[in-house]
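Only one structure is covered here, and it is reproduced in the block below.
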Amino acid sequence: MSGERERRELLINVIAGLLDGIRHVAVGASSPIPAAGAMLLRARNERAGKPPVRISILGSQEHNFFTNGAVEVFDCAAQGRVDAFFLGGGQIDGAGNINLVGTGTYPATDVRWPGSFGSAYLYHLVPRVILFREEHSPRVFVPKVDFVSAAATTPEVRRRGGPHALLTNMALFDFDRISGGFALRSVHPGYSPADIRANTGFDYVEPASIPATPAPDAETLALLRGRIMEELGETYPAFARAMQQAA
Amino acid sequence: MSGERERRELLINVIAGLLDGIRHVAVGASSPIPAAGAMLLRARNERAGKPPVRISILGSQEHNFFTNGAVEVFDCAAQGRVDAFFLGGGQIDGAGNINLVGTGTYPATDVRWPGSFGSAYLYHLVPRVILFREEHSPRVFVPKVDFVSAAATTPEVRRRGGPHALLTNMALFDFDRISGGFALRSVHPGYSPADIRANTGFDYVEPASIPATPAPDAETLALLRGRIMEELGETYPAFARAMQQAA
Amino acid sequence: MTEIVSLEALAADVQPGQSLAIPVTGVSMAGTAALIEAGARDLKLICVPISSMQADLLIGAGAVSAIETSAVSLGEAGGAPRFNAAVRAGSFALRDSTCPAILAGLLAAQKGVPFMPIAGIVGSDLLRVRPDWKVIDSPVGEPGKVVVVPAIAPDVALFHAPEADRAGNIRIGRHRELAAMAYAAKRTFVTVERIVDRNLMATEDSAAGVLPSLYVDKVAVAPRGAWPLPLWDEYPGDDVEVARYAAMARSEEGFRAYLSGFLSQRKQVA
Amino acid sequence: MTEIVSLEALAADVQPGQSLAIPVTGVSMAGTAALIEAGARDLKLICVPISSMQADLLIGAGAVSAIETSAVSLGEAGGAPRFNAAVRAGSFALRDSTCPAILAGLLAAQKGVPFMPIAGIVGSDLLRVRPDWKVIDSPVGEPGKVVVVPAIAPDVALFHAPEADRAGNIRIGRHRELAAMAYAAKRTFVTVERIVDRNLMATEDSAAGVLPSLYVDKVAVAPRGAWPLPLWDEYPGDDVEVARYAAMARSEEGFRAYLSGFLSQRKQVA
């Protein structure tokens, strides 16, 4: 990839594609790339006369459709009113389980991460959870997480939510809820399927032919560098500045 | 009793006495006499430098300490933050159970009353529930209610709430939660213990000597006819007017 | 997203057989008239947590096949005559409740759980007539019996409020039970005194009293839409009119006469 | 009734061994400094539902014997160094949770029930490390497993808000989790930027964003009381200061140096 800005623009463009068709996406307060992806989809839908997209940025005072306190996003998800959400993970395993707690033996974990946040709940309730983790390495993508903050599939209970895709700095995977595993969908420019295999600690399905992840087209780039950066700057000023400086 | 105003003033004065020591009383929107009793206690405490009394009048916009909608008074009671409340009943029986639903066989009751409101809940949770029913007759005070909207005692569960006293146009009873029954405390001027017995369909304890219910003293009457009527007029204008006309 | 529609279009979208949640404050009497005009029938009323003239009118008009409520009463004007008559006649499925149990059922739906535990109630005959309520041993903490009630997810919630903005945000003030209805309901229809140009979510103070458009499917303008019931900050209840209703609705014929007058009066306002 | 007291008096009334609920928005950093100054110890923190620098400071100062939280993080500034060190050292009882479970536990206390059902969670190792959470068969409706969590009733809830009025009503805007903390807590202590003369309950719009004084035990004035964290409508977070903390608190010595500076700086503001 040609640079930091291009890397981010590609991720934003992929996310907008993954969100296509949703009505309401919730985004964490410190997730500028997912937020930019959602904003890109919103702008595209507006141009195409498609249904509007609602973006709730958690913890933001301005981009906040909620009036019932911290619980509302969770209730809203339980009501089926949140179509998409993003989760990361210190570890993510081949079954789609995520670990936000730490490595080693709980509770005195070797490395401690912040904690599970709302993942154990939202993973069950939001139909299209996009796993987004930029670092693509065997220490992140492990055969089995040391602690399951949130489980991807649970046949013992009915659920509407779960993983939809996994996006990293190197590749995009689909998640299959029936088999309970990932399949490589595309590899970002500059990487090969072999690079992905070498940097992924879990097994996944690899089709015979793997396309390159499409880079954003000219129209998208114009939107991204104009309107989206402006919108993003209101909530993520540091990120928007960094994007412009990287240009 | 000498007249309608005196009758009401006596009831208000008794209620203020029954409420003595509480910090927070909730009153129904159409309960002017209980509200007046609470206002009298509040005024007395203020004069005596005693702790202030909070009065929540349900459904009133002005005398409303709540900001969380209709559920808040119930939550507040569950938290132990409501010390006293008033309940009536189309029927009240000797065990303190009340019926707000109707007479005869449910559901096609012979006489249908509005319904149980919050009684089934609040009776369990408010420590000092004052049963207030002006009509004192065998059709109201029955051996056993046809439908238990709310049960007075339930040994099978721990509860902090239940009946404290029963006040009617003719008499005042105490409720004993251990024995689960009423005892006559005093008889209002103009009635005899025999009148009470004749007009009460349930059995109750009757001490050898029954005092007359004390009428309000001069200081109380001055308060009632001045400040309390003014305060009451804000929420119950029709009642306050009727009180003044009855003078 | 919220659609702004006519009162008639709003009412026409309530289908026979649907459950309809109605509040005790912020009552859409305009919506009620429009429902009756539209020939609404087989409604399953859910009173949040009680109702007065609204339920009585719908019952008298033959629109109600089931009712879940903690009380129906005209307040100072006395009992609810058509409700009482229908109970005696057994004209609908009657689900007596107690106020916090209805609110708890809505809360369960709000939270996507099948049931909600609730304090109190033990010993009440409501448990006998509500076999859908259960008494369980608490699965946590000290042993003890707890009542649980099932989730209530109304098909439609209908209420009246002072203002909506162009996006469909609704000013509900402290009347958060209106939000609770909307969270729990599959669809929410709101009538309002007026639609305002300003964004009700613009400031923290204003937003605090708002039901977000996210939960609002249809808004229709209906001036004096709660009349003869009160609307906070807007107008008091018309007690004379409610008393007139109470007197006329004692008989089926009187009710019919009142209803016909009420419907034409509501039309004149609109 | 609400007492208006000094910051020191407020802090002095939090006893060793008590559970202390703290929020993620409206954080009383002034109260935190005062607690540390007062020698607070053996606190059982309940983060509603997560915490950042506040929990980390209290942990670093040795004031915390137990913590229930869904996360502790300094956000953009990275992990919470004293929390992470204490977890590795096993210096306190750790109760990992997930945001809605903490809110559900508070809700159970608000409603006086021993537990609250909650959607999701099944499959998470949180169920393994939280034996106080149970998976039960739903007692109503279709068969199915449901997680239930016990009530959380904090001894004290502590938060910071822009304004209190003289009666002790607190302006919380949309931040209703602050009300949820207060409903559930036995006592609630609030620090505020200022006390205003007007009645915050006076109008419907204003009242909608208010926590009533009924739930507020003590109020203390603490200008810029959330600093270096943000306070809505008042000031943004001081990200440079938080980053400075993150860097210094990596070591025990650095933390001590930061803390000493922080305490004297807070004193200068007060």
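Before moving on, here are some points about what is shown:
When the chains are written out, they are named A, B, C and D in that same order, and each has its own residue count from 1.
As a working rule, a residue touches a chain if its C-beta (ideal position, glycine included) is under 8 Å from a C-beta of that chain, and two chains touch if they have at least 3 such contacts.
Just so it is clear, the structure is predicted and the values come from calculations on it, not from any experiment.
With contact taken as defined at the outset, chain A and chain D are each touched by C. We define each chain's centre as the mean of its Cα atoms; on that basis chain C and chain D are separated by 36 Å. Mean C-alpha positions place chain A and chain B at a centre distance of 59 Å.
Mean C-alpha position of chain A lies 40 Å from that of chain C. Touching of two or more other chains is recorded for residues 61, 66-68, 74, 78, 125 of chain B. Chain D has residues 111-113, 118-119, 144, 174, 179, 204, 207-209, 232-233 in contact with two or more other chains.
Chains that are in contact with each other form these pairs: A-C, A-D, B-C, B-D, C-D. For chain B in complex with chain D, the residues that touch the partner chain are 24, 51-52, 54, 61, 65-68, 74-81, 125.
Chain contact summary for the complex, chain A toward chain D: residues 29-30, 59, 61, 64, 66-71, 74, 78, 97, 100-102, 106-110, 112-125, 147-151, 153-154, 156-159, 161, 238.
Remark: chain C residues 104, 108, 111-119, 132-134, 136, 138-142, 144, 146, 148-151, 171-174, 204-209, 232-233 touch chain D in the complex.
Looking at the complex, you find that chain C touches chain B at residues 24-25, 48-50, 69-73, 75-76, 79-80, 83-84, 87-90, 94, 96-101, 103, 107, 118-126, 129, 144-145, 174-180, 232-233. Put simply, chain C touches chain A in their complex at residues 1, 109-113, 179, 183, 201, 204, 207-215.
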